[in-house]
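Okay, so chain A shows up in both of these, paired with chain B first and chain C after.
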Partner chain A sequence: MTASPGVAPLEPAARDALAELLLSVADDEFVIGFWDSEWTGIAPMLEEDVATSSIAQDEIGHAKALYELLAELTDDDPDRIAFGRELADYRHAALLNHARGDWAFSVARRYLYETADAVRLTALASSAHDGLAALAGKMRREETYHMLHADAWIRRLADGEGRDRLVTALFALWADAQEVFAPLEAGDRLVRDGWLPQPMSDLHAAWVARVRPILEPIVGDLPSLDSTPDGRRRRTDDFAWLHGEFTRVSGSEEGALW
Partner chain B sequence: MVIAARTEREERVWAELAQIPDPEIPAISVVDLGVIGGVAFEDDRLHIKLLPTFVGCPAIDVMRHEITERLGALDLAGSVVVDVTFDPPWTSDRISEHGRDRLRQSGFAPPARMPSGPVGLIGIDDLATMPDAVCPYCNSPDTTLDNPFGPTLCRAIYHCSACRQPFEQFKRV
Partner chain C sequence: MIHAGNVNAADDELAMHYAREFYGRRGESHRLWIVAREAITELDDPDLLKPPFDRSHKKPGGYIIKHKLEAAKQRAATEADES
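And now, the complex of A and B:
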């Protein structure tokens, strides 16, 4: 990616704050991209085989660009960050800890994630960090196609035999979905420095206000829940399995290119 | 792009770039595709600004390689540096008129035009609503969107009701 020549290196606390923000978004995109790729070849219809594969490719591409920004900041290697960490060092939201489940479960999660991601990206597109702002603005243009896709499927399943499965999935995921907005350790500083233009709590409220009117006619009342401090640190057996899958190539031959 | 300000050296670079095909749709050059954001000589280096069509476009590395090789062979600078950037973002309005013609000739509908006026963050959500695609085979506007996701990140799949052909459109983004 483009280096930013002439930009003075950040002091360590500022660098760590920015790194935490970049890693949280990158890991979200990376992990949902891998879960989506699980549908390649087995989606309910051919069009969805193509769509989920294409969406997965977008998400992994976004993760790659974010890992590259992060690697530039911390003088690291993007592939090492993506594939070279232990389970406990991933920072994706708890929403992305679950296996893909059935189609309704994947649709429910995709809808919850896409709407949350749209709120977050809109904020990041006016980040004081130029590289992140430009990338978020570009990602937003692509994610709008994912939004359209998730929205169409939510409506389709809500009005047919998939309804019960969709409702079950939405309730199962609702609490963990709040964790996309889990507080970051350096959250105050990120807002003060303008890197995250609004506090996570504001973004959280904006997201809830956006999804409630769509979801409640389908599922009934949804509880008001807070995100939790460890919302990006909890790991599950499902994720441990996925981690084993996506690190298999890099783990079998160090430094392998593919 | 300020065309009037180009030096002779820069003209040679642009002429060479105009001969480099897009790896995924070879009928169109990287210049017509609008992915070249700028050309600049700095000290002994030739800098090329490359704007990916999609963030995760796997053709970027191929383009970077091809641009470095082809421009390196011109021997205009000590080294060629390809800077990949999202500032400004590539948008489908960057495809030139010539590029849109070339797309049609190779069976792709060019992307629908952006809504008039600047596309703010709110307006971005309108981009994905597919307004129209004109069939590249028979020119009929009587077409329907089959899938906004196609064989590559930047392509959507349509069907023409007039000549009953499926075809692809370069996505508006």
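And now, the complex of A and C:
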């Protein structure tokens, strides 16, 4: 890999640590983008169809930027990272293992993810890694609207006939939502080097403190749960299906350029 | 300011999101003004907008200023050289 002028190449352990962090965020954005794009054409109304599809595209755009940063770091190809991995090599949080479900389920998941992502991005925007900090800052500007959109829907569903479905979905997803903050193997090092300004456990606590007062009036008491060491490694049949979908075109003609 | 189009939405808040996605998602807008249909005062009387009389005297056509403009530019350039 050619280092940027004035920037010393990272030693392998440091590079691997940063790569693990970048991949976890990139895969989250990539996979939720693909799940939400499953609503294109069938969202509850035309306007919402366009909005949901556009937000899904935004997430894919964030994933693209992150994969590019990662590819530069590891001297790889962003398309290969996105589409060329085996099922077991994806590192998204277990929250994103589930199929889109009904509308309330997708809204519940988007809300849980957007709130968690907001906490994470706020931390990453002050990362000691300049490239990542700049990208996180840029992503936040767009995610603000995603957050407002998800929040608008949560409040509407909580207040209407969708309430039961929303409550069911939030309970079903609550445990896996904690896994956005699942510990990274290189977590200690990432914090020590300032690339991840706060430990995942701190970010997790900040997120729980933020969503509990919003969600508990809707669903009642939510259990206090920890994230788990394999929170980014568990895979499901739902995701196996999605993986088959999003690799179908790239897999049909290996090495093709588009 | 141009009329971008319309959206159907349950309320103002969702209308803002839908307007953003319909008319701003490709970076084509600098600002969006979102107004409920019932808040719009419409003026569509053809007698006001397309009156029956000749209006050519209200248009700036008919004045040939090209030569005057060129002469003025030359004059300005000459004056600048002299100073």
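Quick notes on this structure:
One rule holds for everything that comes next: the second predicted complex is superposed on the first by the 252 of 258 C-alpha atoms of A that agree within 3 Å, B and C clash if a C-alpha of one lies under 4 Å from a C-alpha of the other, contacts with A are read in each partner's own complex, and residues count from 1 in each chain.
Basically, a residue touches a chain if its C-beta (ideal position, glycine included) is under 8 Å from a C-beta of that chain, and two chains touch if they have at least 3 such contacts.
A quick note: this is a predicted structure, and the numbers were derived from the prediction, not measured.
Aligning the two structures on chain A places chain B and chain C in clashing positions.
With both complexes superposed, B is the one of chain B and chain C in contact with more chain A residues.
After overlaying the two complexes on the shared chain, residue contacts for A:T122 are found with chain B alone; chain C is out of touch.
By the touch criterion defined above, A:A94 reaches neither chain B nor chain C. Once chain A of one complex is fitted onto chain A of the other, the partner contacts of A:M45 are limited to chain C, with no touch recorded for chain B. Legend: residue contacts after superposition of the two complexes on their common chain; A:A17 is shown touching neither chain B nor chain C.
In the superposition on chain A, A:S54 makes contact with both chain B and chain C. Shared-chain residue A:Y145: touches chain B and chain C both. In the superposition on chain A, contact is made by A:R156 with chain C only, not with chain B. Common to the chain B and chain C interfaces on chain A are residues 47, 50-51, 54-55, 145, 148-149. Residues 54-58, 83-91, 121, 124-125, 127-129, 146-151, 153, 157, 171, 173 of chain B touch chain A in their complex. Interface residues of chain A facing chain B in the complex, by the touch rule stated above, are 1-2, 47, 50-51, 53-55, 57-62, 64-65, 122, 125, 130-131, 134-135, 137-142, 144-145, 147-149. If you check the complex, the residues on chain C that touch chain A are 7-10, 13-14, 17-18, 20-22, 25. Of all residues in chain A, only 45-48, 50-51, 54-55, 145, 148-149, 152, 156 touch chain C in the complex they form.
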